[in-house]
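Shared chain: chain A. Partners: chain B in the first complex, chain C in the second.
Now for the complex of A and B:
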């Protein structure tokens, strides 16, 4: 294919990605060093209230935003360097907490709290998703043909459901005297409230994510299982391999590219954990990096958005994902090199 | 096909694997099933501590809303025939009455008509008939299962959820159409070109796929809010404010979705032998003609799968739509967050549950119809990597 034809086919897509993904990235990078604020001025305001005999007048100085001819506030953009990063990272407090050796103090700072949760969430659910997905795939592959269709249908439901709604549906089972909380209370005889402390919420989030993503892993592994070479399996049987040994030495190596694929997708998706926090309403206890950025961008009571801080935290989030992806991407690069020869 | 004896499984293994599967199915379906049950009960029943109270709904029944044995039997029969006819009579009718060139339009029209007819009969005609029957039949007509649709009426009617539904439909339709148009072209180009540039584009797309959406939205927000001032020198006085506009959100979601779309479509195109378009080229087609007349007709399964994923992305998105749309143009998923702030009474909570179930219902239908495509599509996309 000539370059011109190639460009004609790929052009629109690349253009959209450059305009809506690459350009915002650059602008986020620049914004993170700038602060846009309304220009304020101090004016003396005299307020008079009718009093007995004479008016009572008081003069006070107020700070008001400067308005332009159309009545809009004039804003000014200043270059602040790393100030926004400092506001997000709060390094002084961080080092103080480190020198005190106090983990609790570090977790008081939003960014470090969010980073801790995001990383443990991503890394702890990864093996669970792969393990559960593989187990379901093996079990479905074992089942009689007639019931596979309905089982696949049911298994797909947690994956296809809107993430916010999925987490809400689990939230409602446990909230207050939700049906499962009531059941656990009856078993244990103690009063349980799942959403009053951080660790139970976190546990539910892990559970939710595995519930939500395991079907995706299952479908992919299930397809991979259909292509396992029967001859290899049979020769393994003849060589006296037990069922477990066959799984370890034949099936898992065959599925390895798929396991890497799932791990890659899972790292990407889990790192931007967000919907769980909305669904479980856990802002007060557990937050993630993406939620932190979202929170900065949501207008506060005065209608202002902390765009600069949001950009700084977004850049920091991005640096994190780059670190997480270096390993899998290097592998892809090596595969490409390998297949070229 | 008989399995060799050594490959056969012991009874214990088969039992444990079956038990595990049953456990997983319960786990997968239970939360969704349970919120669906809750949404039909009065608040007292929906948040009752005993599961039986939630299922049978004594308080709902006491309130005068319930189904009798006759209602249940009659309803099940109607549902059974509705599903059967959807797979037999409806396709036949579409085949007969639709002009051959407009098959897709005919299907959409037929499906919408069928759905409207079903809703009219099930919720309009049936309660009338059954009301008369129940009063005639005595004990058989007495309600046994508490059930009320008042929360759905409240959500869709009073709270005007249909506006959010229409916005959702607009956004998802836009996302799917544009994603597929742009994506198939790019996927084809990337699949047929073996150059290093194509490889680097794919890697770049992979990196873009990894970006958290909040990073991108942080870039859009200031630009979108001030867009009328930025665009005024180019477009004149009529320059639009992009913030709050559904079509601006469509563009954003399409771009976010592009990396995944092109990866997936590329692997579908790679499955189609290159000899096919080479033959078309020999016959005198240009690259584009070969793509349109020869390749696209055999690509439909791949396009449908990718379209489903684009649909899910547009439909499920919370972050982008909640930040970039204003309150009037909100889609369904962020709109449900509005219930959180209102949630002061249990009635509000059950209404939120009903809204959540309303959002899930179309997805449920989608999986039912396209299950095969999802499985085969995901696997084709993944195995090729």
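Now for the complex of A and C:
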């Protein structure tokens, strides 16, 4: 292909990637080393508040931002190096907790608490999603042709539901007197509170995520199953291979590139776990890294936002994803190189 | 035909907004407002809509949208609904205008009590007061012969009796959803024990005896509440009340009207209101006073501001209030306090009086920190002393980043 044609084809995508991925990333990276503050002054302010019948006026010294002639807040930006990262990671507290050998103390630090959950969430759901997805794919593949369409349609439904809505519906099913809690309470005769302790909330989150993502894995695997070499499979049958042996030695190796692909997508997606935290209102017990970034970004009633810490936290999340992806990416790269010659 | 139905629905809703039912004049300038979404705001904005050319956005996320929307030039909304907690970023950024001349022109019906003055200038017009008050099941209390509690010790004593009698699922409801709600509980309790949040130099001062007492009092509630109390916000507690699952709660006055809403409440007429309980016997009610009201954006033309304010006055007139008397503790003339307002009025006029919510830049930071750090104490992961230390440390980090502390 001529370079000009190549450039004309690839150019727009490269431009989009630079504009919408690279540029924001660079900006967040820079902001994580900066702190922007309004210039504040202390002034006497008299404020009058209504009671029900009378008004009370109080004069107090308030810290308020200075405005310029156009009525805009004057801000100053300074470089603070790794300060924001230190504020997020709290390494001094972390090492102190480590030297005390106290897991409890480590879990008191927001970042490490969030990292613990995010990692266990990501790594525990991965095999489940692949396993369940493969199981559904095999089941559908072996089902009578006539009912395949409807089965595929129904098993895809969980994946179509918006994650926030999905997690909210699970929350409403299990909270307080939700339908399912009420049913379980009737069976067991005890009072069940799924959202009162961390482990039940986490269990629901794992369950929800597998329910939500397994259909995606299923569709990919189902497509892959259509390309299994029938000759190999038949000769395996003739050689007396059992169902399990055929699965292990023929089908799974054939699907391996797809398994790696799903693992890649799943790791990236799961490390950004957020909807479950918001939907389940689990902040008191369980938080995730993405939620931590969101919490820093959310303005409080006075309008303050911790932008620098949010940027640092976002960068740390990205670094985490890169670490997680190294293993499957190396495998893909090796396969790719292997097939090249 | 689906499409025809939609077109029809659109046409009818247009017709609805174009009717000038009871408005005294016709508004010709397009006006938009952004406010919270509870009953009182619905009543006020509905009244404003009667004059035409008005669009109201009722959104519980208004507190995060408002500062940016008002900073735009021209401002995205002409009218803002604020409370004393959420007016701070607007004042700080200078995005709302003084209203003295407009009040002189259109505000004949306003009482002096409604005018929120900051440094002598009227910056907002209040329409209602909001505060927490003790809501309790009068039938349960009468059956068990319990007196209405006036302090938190008495609340817990009453809760014990109700629990022993087993007439409701949980004696007590509490708005302890981690984050803003839980922090607000602490902000209510802590000054009741004589605590102050900050030292003169803006450093945190919550690590004190009052802090320990406030935490201990909050923790005692857990024995009497739903085990899932850390996901329970105002709406959740309101529903628990309506379904007869709890017998009392210290809840917002703006939620009282819902108790007698026969469409969704099973306890119509059974919930009575009293002043918020005091933290210490004979002290001020352990709550904070709030007001809700309107502000006018700065980045709009004077004509728009004129039209917006006139429209707002139409929404805040006696007619609106008489049509929605139970929706709030109105400050507007024509309001007739009913039984459900008794508790909030008792709270607001108590002697000593509860403090107004201390809305400042530092308090915003402190509120967030409290909301994030208190759950670990209530789940038992951390003791009270360590929690107070953690709150101060987290506040210091935020305050340094925000430039409040050097």
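Everything below uses one rule, namely that the second predicted complex is superposed on the first by the 315 of 341 C-alpha atoms of A that agree within 3 Å, B and C clash if a C-alpha of one lies under 4 Å from a C-alpha of the other, contacts with A are read in each partner's own complex, and residues count from 1 in each chain.
The rule is short, and it goes like this: contacts are C-beta pairs under 8 Å (C-beta built on N, C-alpha and C of every residue); 3 or more make two chains touch, one makes a residue touch a chain.
Since the structure is predicted, the reported quantities are computational estimates derived from the model, not experimental observations.
By the touch criterion defined above, A:99 lies against neither chain B nor chain C after alignment on the C-alpha atoms of chain A.
Partner contacting the larger number of chain A residues, of chain B and chain C: B. By the touch criterion stated above, A:63 is placed in contact with chain C alone, chain B being left untouched.
In the superposed model, A:306 makes contact with chain C only, not with chain B.
In the superposed model, A:190 makes contact with neither chain B nor chain C. Contact with chain B, but none with chain C, is seen for A:271 once the two complexes are overlaid on the shared chain.
In the overlay built on the shared chain, the residue A:87 is in contact with chain C alone; chain B does not reach it. Of the two partner chains, chain B and chain C are each touched by A:298. Looking at the shared chain after the overlay, A:281 reaches both chain B and chain C. Overlaid on A, the two complexes show chain B and chain C touching the same residues of chain A, namely 176, 281, 298. Per the touch definition, chain A reaches chain C in the complex via residues 35, 37-40, 45-58, 62-65, 67, 71-73, 84, 87, 104, 107-108, 110, 175-176, 191, 193-198, 280-285, 295, 298-304, 306, 308-309.
Interface residues of chain B facing chain A in the complex, by the touch rule stated above, are 4, 6-7, 9, 13-14, 17-18, 20-21, 24-25, 27-29, 31-32, 34-35, 38, 47, 49-51, 54, 182-183, 185-186, 188-190, 192-193, 195, 197-199, 201, 203-223, 251-252, 254-256, 258-259, 262, 287-288, 291, 312, 315-316, 318-319, 323, 333, 336-337, 340, 349, 352-353, 356, 359-360, 363-364, 366-368, 371, 374-376, 378-379, 382-383, 385. Residues 1, 5-6, 8-10, 12-14, 16-17, 19-28, 31, 36, 135-136, 138-140, 142-143, 149, 151-158, 160-166, 168-170, 172-173, 176-179, 182-183, 211, 215-216, 219-220, 222-224, 227, 233-234, 237-238, 243, 257-258, 261, 267-268, 271-272, 274-275, 278, 281, 289-290, 293-294, 297-298, 305, 307, 310-311, 314-315, 317-318, 321, 325, 329, 332-333, 336 of chain A are the ones touching chain B in the complex.
By the touch criterion stated above, chain C contacts chain A in their complex at residues 63-64, 67, 84-86, 88-89, 91-95, 112-120, 126, 129, 177-179, 182, 202, 226-228, 230-231, 236, 289, 291, 298, 329, 331, 344-345, 348-349, 353, 356, 359-365, 367-368, 372, 375-376, 378-379, 381-382, 386, 390, 397-398, 401-404.
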